[in-house]
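The next part holds the structures, each set out as structure tokens.
Two complexes are shown next, each including chain A; its partner changes from chain B in the first to chain C in the second.
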Partner chain A sequence: MPQTLEIKAISGHAGTVPGHGASRDYDVCKLIDVTTCIGCKACEVACLEWNGYSFTETVFDNSYQTMPETAWNYWNLIRFNEHENSDGSISLLMRKDQCMHCADPGCLRACPADGAIVQYANGIVDFHQENCIGCQYCVTGCPFDIPKFNPSTKKVFKCTLCSDRVSNGLEPACIKACPTGCLHFGSKDDMKELAEQRAAQLREQTSHKDAGVYDPAGVGGTHVIYVLHDIKNPEMYGGLPANPRVPFLVKLWKGPVKLLGGWAMFLGVVGVAIHYLRFGPKDAGHTTGPEDKNERTKS
Partner chain B sequence: MTTRALPLKEPPDDQVERYSLTERIWHWLASLSYTYCTLTGLALFSPYLYWLAAVFGGGPTIRFWHPWLGLVFLASVVWMHGNWRDDLRLTEADREWRAKIGSYVENRDQELPPQARFNAGQKLFYWAMFYAILVLLLSGIVMWFPERVPRNLIVILPVVVILHEAAALISIGAIIIHIYMSVFAEPESLRAMVHGKVSRAWARNYHRLWYEKVQGQRRPAP
Partner chain C sequence: MSPTRRDFLRVSTVSGIATTVLGFDLTPAYAQAQALKISRTTETRSTCPYCSVSCGVIIYTIGDKAKNVTPQVVHVEGDPDHPINRGTLCPKGSSLMQDILNDRRLLKPQVRRPASDHWEDISWDQAIDEIAHWTKKSRDDGFVEKDSQGRTVNRCESIAWTGGCTDTNEFNYLVVKTMRSLGVCYLENQARV
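Entry: the complex of A and B
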């Protein structure tokens, strides 16, 4: 958020300056209350419009869902799932799927390109395509299957949480478009509080006794959080992982493998240098046997 | 001279041809393509070495060229394999050399058994590079086109990358010794790969069996 108009001193003013010294730093958060989502897809359209993509083509899959997966030019997708409850009734579940903006982003950990993925202090994880080399390591790092590769430009794209709007004090485009108010945007603390209030309301006033807030600790929490009817079973909302974490293989590869490899190369060079100092070059003049008689004479 | 050799002229009498022009061209093609792949690969291996990407035109540029130059390196290894396969086969005699490798390391070469065209260390270097490039090729194809990997199998990509990095590290370990031996420890072998010729004394001392074979093929002067 812009902080240029935070007041520091006021002329002719006795007493404390209102708001002075209070921290204005906050990390942003999008709250998605799936219990009040009606699946209207206004957020999908707003996302396309704000980011300048036109709708191209899709696959009909006997569902209201626009397409099977998010795409490099389709970052926001409502997933429709018919879930059979234990009493035999059917719930039509709708979940807005997009980048979760993890506090511990696996994509950023996996990326080898300097500056291709940045995490802002406000929590937004953003891809800078001018630095992207198209290796797609980010895809393996993401537990939510979000980064998508554009084969023609060889760059990877995903939801930016409208970093261009947020940096100018606006809410993300999807938030602005939502007609039911199931989408909220604010500081992580405020959104977490609002989400917990709503989950408590659901538990107390409805039959959703397992309602809860999805803010997975395995990736350090996320800057997109959900209120779910059933926090014990997030998979039923179109594959939302119960315990997402940065894959172990990515951590192994980016941690010990790099460290050991770097030391091995360094010690290899040091080793041959010490060998040279200790033993020096081989002496081609030494003789291992009787001289060849051709050696000095014309043959 | 040997049938492979394409000398522009007969070497001077105190020298003997070691590498033909064709052999030298393929070797330096391998060396240039390997150097490119290693330096650009190291840029992507470690953030501390990403500045190497800038040296070669930036991240997207090296991402494009690294696999292609890898194929050039592969082609040169295939050629060298066809050309030197017989000379590079590990023999029983190499066991003795390997048992006495300490003498080679400590420059007491007179204690070593006579060697043919390549000594056992050179052969081991070659086979390390050969198996490394097999792994680099197979893993590299996957890393070239990750978008073709089925989405539910993409979790194995880190395994493939780790294999690629491990094979590259083994080849780097081998190449450190290779470059050190030729540039510092035995500079005559670098001259051999540049000019194609070595002194008879060097040939007799380090590759006696090969030298005697070459001498045997020399037509005696009338």
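Entry: the complex of A and C
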């Protein structure tokens, strides 16, 4: 039974990924239509059930939200937000928060451990905990604050987009459970089209004139896209960044600085070799200098 | 000029070191995704017992029903072929596995006697006997043969029956037949299966 997925990118890995681009895999995508979410949390439970995590104690924070943030064993959280509209009315906004599976994943860029984070050819960004060294650079690299550290095992966990199910031709557990049909799964092209259709419908038939599709270009697009009532103000959905980017320091450190460091090391070795050829070995046992001086003072 | 043994050793050692140091990558282009935990399990169709919607679920148990295996539930998921929910489930339905594998699940009949503050375990035989006894007594005590205008009604107004949501059509047919034969008028169930 094929349970393998072709890899597109590997964290902390020197050189190219062999065989990449050979197959015709399509990008998979989750579509979350926040306008039809009723906040039932079936996706939260389905996620826990599939991934085998036990229920943890919830935190009451004067809202229906299960806990303030996603956790290392709680990858999928519906965020409840009370937003005050310009006319003084209140909107109760719900957003399914989980890994966005960026096309340009900041976590993978930041990760120094070979093979701890891989990006499959179908767009899924997956953590392989057996290669994780627990440095938490991925936490810094993620613009959505998704990877979560488990202090007892010193490994980082996050949503896998059910890579085990997808590689076997199934849809993710959360998608299957959703009773209102606000979650959809399919190829990126199909989901994008469906999302645009829904956004156009909202603009034409409802008062949400700014409805749109959230597929941020700053991280190269994501494999989890949203239909929002108001695409101009994604922050009101519990801190969805308007223009997420891989942090500048991560880009600098993993880009030019890494390259320069590599060259500096290489040129250093070359320099030492040239020095050796030009001036020969350092004569540690040579003691004639001081002796000469002594002789000179004597005379 | 054919290479000498010494040349061969020299070249292989240098190239070996070079590939090790400079990198020669044979990392597979494919990664093993986590094994699918339901791939070889037995699938059993069932109905969610919670509300009257009566969603179809699939219960996944380990093993292939071989004689020496005691099946254990490993996962419960919506039934995509079920016309009511087409694979979807609510949060309660999604957690059905914990309804099945639960220390607090009732596995035998219990009774709370009048004025008692606790439930006591009783055997199935005792339960059936007691149900028969109290049904008879309630019916005899509250049976209405004629209404206030003298019309024959033969009603048993002292008993009501409520059915659960997993009751099938066939089961409910038997319930109606049994209860009507007792004269029970207050009949209801929430089944939609």
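The rule is short, and it goes like this: the second predicted complex is superposed on the first by the 255 of 299 C-alpha atoms of A that agree within 3 Å, B and C clash if a C-alpha of one lies under 4 Å from a C-alpha of the other, contacts with A are read in each partner's own complex, and residues count from 1 in each chain.
Here is the rule we use: a contact is a pair of C-beta atoms (placed from the backbone, for glycine too) under 8 Å apart; a residue touches a chain by one contact, two chains touch by 3 or more.
Keep in mind it's a predicted model, so treat the numbers as computed, not measured.
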So, A:252: does it touch chain B (first), chain C (second), both, or neither?
-> first
Considering only touches as defined above, state whether A:265 meets chain B (first), chain C (second), both or neither.
-> first
Touching partner for A:131 - first (chain B), second (chain C), both, neither = first
In the superposed arrangement, which partner chain does A:209 touch: chain B (first), chain C (second), both, or neither?
-> neither
Once the structures are superposed on A, label A:177 by its partner contacts, choosing first (chain B), second (chain C), both or neither.
-> second
Which residues form the common part of the chain A surface touched by chain B and by chain C?
-> none
In their complex, what parts of chain A are in touch with chain C?
-> 1, 3-7, 10, 13-20, 22, 40-42, 44-46, 48-50, 52, 55, 115, 118, 120, 126, 128, 160, 163-168, 170, 173, 176-179, 181
State the interface residues of chain C toward chain A in the complex, per the touch definition above.
-> 23, 25-37, 39, 75-78, 80, 85, 87-95, 97-98
So in the complex, which bits of chain A are touching chain B?
-> 69, 110, 112-114, 116, 131-137, 139-140, 145, 149, 151, 154, 247, 249-250, 252-253, 257-258, 261-262, 264-265, 268-269, 272, 275-276, 279-289, 291-292, 294-299
Provide the residue numbers of chain B that touch chain A in the complex, in ascending order.
-> 13-14, 44-48, 50, 53, 59-60, 62-64, 105-107, 109-110, 114, 143, 146-147, 151, 154-155, 157-159, 161-162, 165-166, 169, 172-173, 176-177, 180, 184-188, 199-202, 204-206, 208, 211, 215, 218, 220-221
